[in-house]
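One chain, chain A, appears in both complexes that follow, with chain B as partner in the first and chain C in the second.
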Partner chain A sequence: MSQSVSLLQGAKTIFTRDIRLAVRNRGDMVNPLIFFVLVASLFPLGVGPDPKLLTIMGGGVIWVSALLANLLAMDSLFRSDYEDGSLELLLLSPQPLWVMVMAKVVVHWLITGLPLTLLSPVLAVMFDVPGEAIPAVFLTLLMGTPLLSLIGAIGAGLTVGLRKGGILLSLLILPLYIPVLILGTGCIGAAISELPWVPFLMWQGALLMLGITFAPLAIAASLRVSISG
Partner chain B sequence: MDGLLQLSVSDLTCERDGRCLFENLAFTLCSGDVLQVSGPNGVGKTTLLRIVAGLSLDFHGQVDWCGSPVDEDKPGFHSHLLYMGHQPGVKATMSPEENLRWAMGLHYSITVQEIYQALEKVGLRGYEDVPCYRLSAGQNRRVALARLHLKNKQKLWILDEPFTAIDLQGTAELEQLMVDHAKDGGLVMMTTHHEMNLDYSGFRKLALEPSV
Partner chain C sequence: MASPKWFYEFSGKCLPWVGGLALIGVLTGIIWGLLFTPPDYLQGNSYRIIFLHVPSASLALTVYVSLAISAGIGFIWKIKLADLAAKCLAPIGASFCALALVTGAIWGKPTWGTWWVWDARLTSMLILLFLYLGLIALREAITSQDTAARACAVLSMVGLVNIPIIKFSVDWWNTLHQGATIKVTKGASMAPEMLIPLLISIFAFYLFCLFVFLIRLRTEIVSREQRTSWVRGMLGVRS
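Here is the complex of A and B:
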C-alpha cells in the first residue's frame, strides 16, 4: 500500500508541474513581459522626451503597465486545466484546495510578477526616475505584484467556467486592483519627491498579508462554484 | 483491508435549466458492485456521476460514504475516490509518466517502477517520455486509464465514458479490470453506451429515464 502524501508534498507536486508547464509553454510566460516592456517604452515616444515630464509619469506608467500585463496573464491561470479536466482532478484530491491554488498562484507570480519586478529598475532609469527612488519602484512592485496575482486568481476562478470570461474578468478584478495601484504609484511619487515612502510599502505589506490569508479561501470557493455549474 | 465499503445515495433530485433530470433517485453500491448508469443522451448520467463525486453542488438529497454524509468528511471520501471525467485530465505538453505522476501525486507518493508498470499494462510501453500531444486520442485516454492499474486506497471508481476512443482489445481488458477491482473489494460506477457483457454477479444497471 502506498503512502499518503502530506500537505507540503501535495503543494510541491502542483508547484513542480506548473513550473514545468510554464517552461514548456515559454510563449505564455514571455508574453506579459514583452507587453510590459512595450507599453512602458512606447509611452516616452507618445508624450515626448521631456525628462521632467517622464520623471513625473514614470512611476504611474510602470505600475499601470505591470497591472495590465498581470491582467493579460490572469485568464490563463486555470483555463487550460479547466479545459483538459485537470482541474476536476485537483478538486477531487484529498488535499485542501486552498493549499493547491496557493501553489498555483505562487507559480503564476514567479513567471509573471517576478520578471516584471526584476525588469522594473531598467524601465525606471529609462523614465529618468532619480537613483534614490529606484529601490521604491522595485520594492513596491515586489510587494504589489503578488497581491495582483492573488486578487486576479479569485476572478480567474470565478470566470473559468464561462466561454468568454476575459472581459468579465477585467471588470470583476479591476476595482480591486485600484487600491494596489494607488499605493504603488503613491510610493514611487513620494520617493521621487524625497518624502518618506516606506509607509506606502507598509500598507502594501498589510494588504498582502490580508491577501495571503483570505484570497486562497476565496479562490478555492470560486473554483468550486465554477466547476459545479 | 478497509472492510465493507458502501456508497449510498438517497432522495436525489436534480434540476437543470428548468427540467427535472431525476427525482428522489436512490441506490446503494457496496464493495464488489459494478454499476452501469445507462440512458439516452442528455438524461443526466454525467450530472449524476458529478454529483456523487462531489463536483456538482446543485442538487437536493444525500450522498453517504460508509454510513456518514460525504459533506462531513470530503478529504476522507476523496482519498477513496478515483474519478475520470469526460476530459481525461491529460496535459498535452507533458509525457505520460509526468501526467500519471501528477495525477497520483495528489493522492499518494508513487515510485517510478509503479508508473512504468501501469503504463506498460495499458500498452504505452516505450511512450513513457513522449509528449502527450504526439499520442493518439486513444493513447491519451489510456494515459488516464493507467491510473486504474495502480493498486491503492482508491476503491471507488467513478468513470464517465471510460471506453471512449479505446480499441476492442482495450475494452475487453478494461471490463476485466473492473471485474477484478470489484472482486478485490472495490466499487465501480460508470456510464457507457457500449454494451457491457460482464459475466459477473455484482454487475448491475441503473437506467435513467428521460423526464416528460
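Here is the complex of A and C:
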C-alpha cells in the first residue's frame, strides 16, 4: 500500500460508516428511544398519578430511564463489528485506536444520547415538571449522555468477546454511572426548587472533559484486551 | 524477586507469624473493646460494634486500592504475581465491604432507629461492593486466565479513578452519618480508652487480611504453576 490514510480521514471514514449503518438499521436507533419512553411511563403506573409526587420524581425517573436506555444500546456498540471481524481490522489499522474509538462513541451518542435528550422535554411535561426547570432537564441530559456513552463504551469493550455480555455489562457499568446520575438529578431538583442549577451543569461538564480525556484510552485498552487476549 | 517460587517459599515462612500476630491482635482488640472499655455516654453499649465495623470499612477501601495498584502493575509490566494478587484481593475486599455494611446496619438500628438510611457513606460503601462484585463477575465470565486478568486490570483502574468521584458526588446528599472521628492531622476526638483498642483492632484486622490474602495467593500460585518442576517436586509428583 503506497497510499496512506491520515488520522482525520480514518476517523471520518469510521464516522460516516457508522452513521450510515445506523440510518439503515433504524431499529437500533429507535428501540432504545421507545424503551426510554416506556420505562419512564411505567413509573406513574407504579406509584400513582399524583402530580405533586410526579414532579418530585420526574427528574430522577427521566435520568434513570435515560441511563437504562443508554445501557441497552451500549451492548451493540462493538458487537456487530466484533462478529464480522471489522473490529480486528480497526485494531490493526495504523491510526491510533483511541481516535477511531472516539469516532464510534460520538456516533453512538448521536444516535442514542442525542435523540433521547431531544425527547426529554416531552417526558418532563408529562411528569409535570415546571416550565422553568425544563431547560435544566434538557441541558443536563445534553451534558450527561455523552459521558454515559464514554463510560459505557469501556464496559462494552471489556465484554464484547463474551457471549453473555449484556447482563455483565450492566453490572460493570451502572456503578460507574452513579456520579452522572446524581449530578443530573441534582441539577433538575435545584431547578424545580428555583435554586441555582448551573453549577451542577458545570460539574457535569468537568466530568465530561475528564471522560473525553481518559475514556478513549481505556476503551482502546479494553478492546485490545478483548480481541488479542 | 517476583518469581512465584521465591514468593511461595518466602510467604510460607511469614505465614505463621502473620497468622499468629493477627490472632493475638484480634483477640486483644476485640476482648478489650467488648469487655473492658467504658460504655459510651450517648450510645451505651451498642457502640462496641465499632471494633468490627471500622476495621472492615477501612479494609474494604484499602483492599480496593491495593487491588487496583497490583492489577495496574500486572497490566503494565506483565508481572504474573501482581495479576494473581489482584485476583485474590477481590473476594477479600468484597467480604470486608459486605461485613462493613452488615455491621453498619446492625449498629444503625439502635443508634438511628433504622437498619438502613441512604446516607452518603452507606451508599458509597454499597457502590464499592457493586464494583467488587462487577470485578469478580468479569473475572468469572472470561475463560482465559490471562485475558481475564487484563480485563479486570482495566476495569479496576477505571474504578480507581471513579471512586473519588463517586465518593464526592454521593457526599452531596446530606448525611446522617457522623463525620470522620479519627483524623491523622487533627488527632482523635475519641477517648483514649476506646481509641487504643480500636487501633489495635484495626491493625489486627489488617494482619488478618494479609494472612487470608497470603493463603489465597499461595493456593493460586500452586494451582497456576502446577506443571512446573518445583511444584511437582514439592507435591512429590513423579513425572
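Miscellaneous remarks
The rule we apply is simple: the second predicted complex is superposed on the first by the 226 of 229 C-alpha atoms of A that agree within 3 Å, B and C clash if a C-alpha of one lies under 4 Å from a C-alpha of the other, contacts with A are read in each partner's own complex, and residues count from 1 in each chain.
By definition in this document, a residue touches a chain if its C-beta (ideal position, glycine included) is under 8 Å from a C-beta of that chain, and two chains touch if they have at least 3 such contacts.
Everything numeric here is computed off the predicted structure, so don't read it as measured data.
When both complexes are superposed on chain A, chain B and chain C sit side by side without a clash.
By the touch criterion stated above, A:Leu174 is placed in contact with chain C alone, chain B being left untouched.
Looking at the shared chain after the overlay, A:Leu195 reaches neither chain B nor chain C.
By the touch criterion stated above, A:Thr13 is placed in contact with chain B alone, chain C being left untouched. One geometric descriptor of the composite model is the angle centred on chain A: between the Cα centres of chain B and chain C it reads 90 degrees, in steps of 10. In the overlay built on the shared chain, the residue A:Phe214 is in contact with chain C alone; chain B does not reach it. Contacts of A:Arg24 after superposition on the shared chain: chain B is touched, whereas chain C is not.
Ranking chain B and chain C by residues of chain A touched puts B first. By the touch criterion defined above, A:Ile34 reaches neither chain B nor chain C.
Superposed on chain A, the gap between chain B and chain C at their nearest CA atoms measures out to 7 angstrom in whole units.
Counting contacts by the rule stated earlier, residues 225, 229 of chain A appear in both its interface with chain B and its interface with chain C.
Taken in their complex, chain A has these residues touching chain C: 154-155, 158-159, 161-162, 164-165, 168, 171-172, 174-176, 178-179, 182-183, 186, 207, 214, 218, 221-222, 225-226, 229. On chain C, the positions that touch chain A within their shared complex are 127, 130-131, 133-134, 137-138, 141-142, 144, 146-147, 150-151, 154-155, 157-159, 161-162, 165-166, 168-170, 172-173.
The part of chain B that touches chain A in the complex is made up of residues 53-58, 75-76, 78-79, 81, 83, 85-94, 98, 101-103, 105-110, 114, 150-153. Chain A contributes residues 1-5, 9-10, 13-14, 17, 20-21, 24-25, 80, 83-86, 88-96, 100, 224-225, 227-229 to its touches with chain B in the complex.
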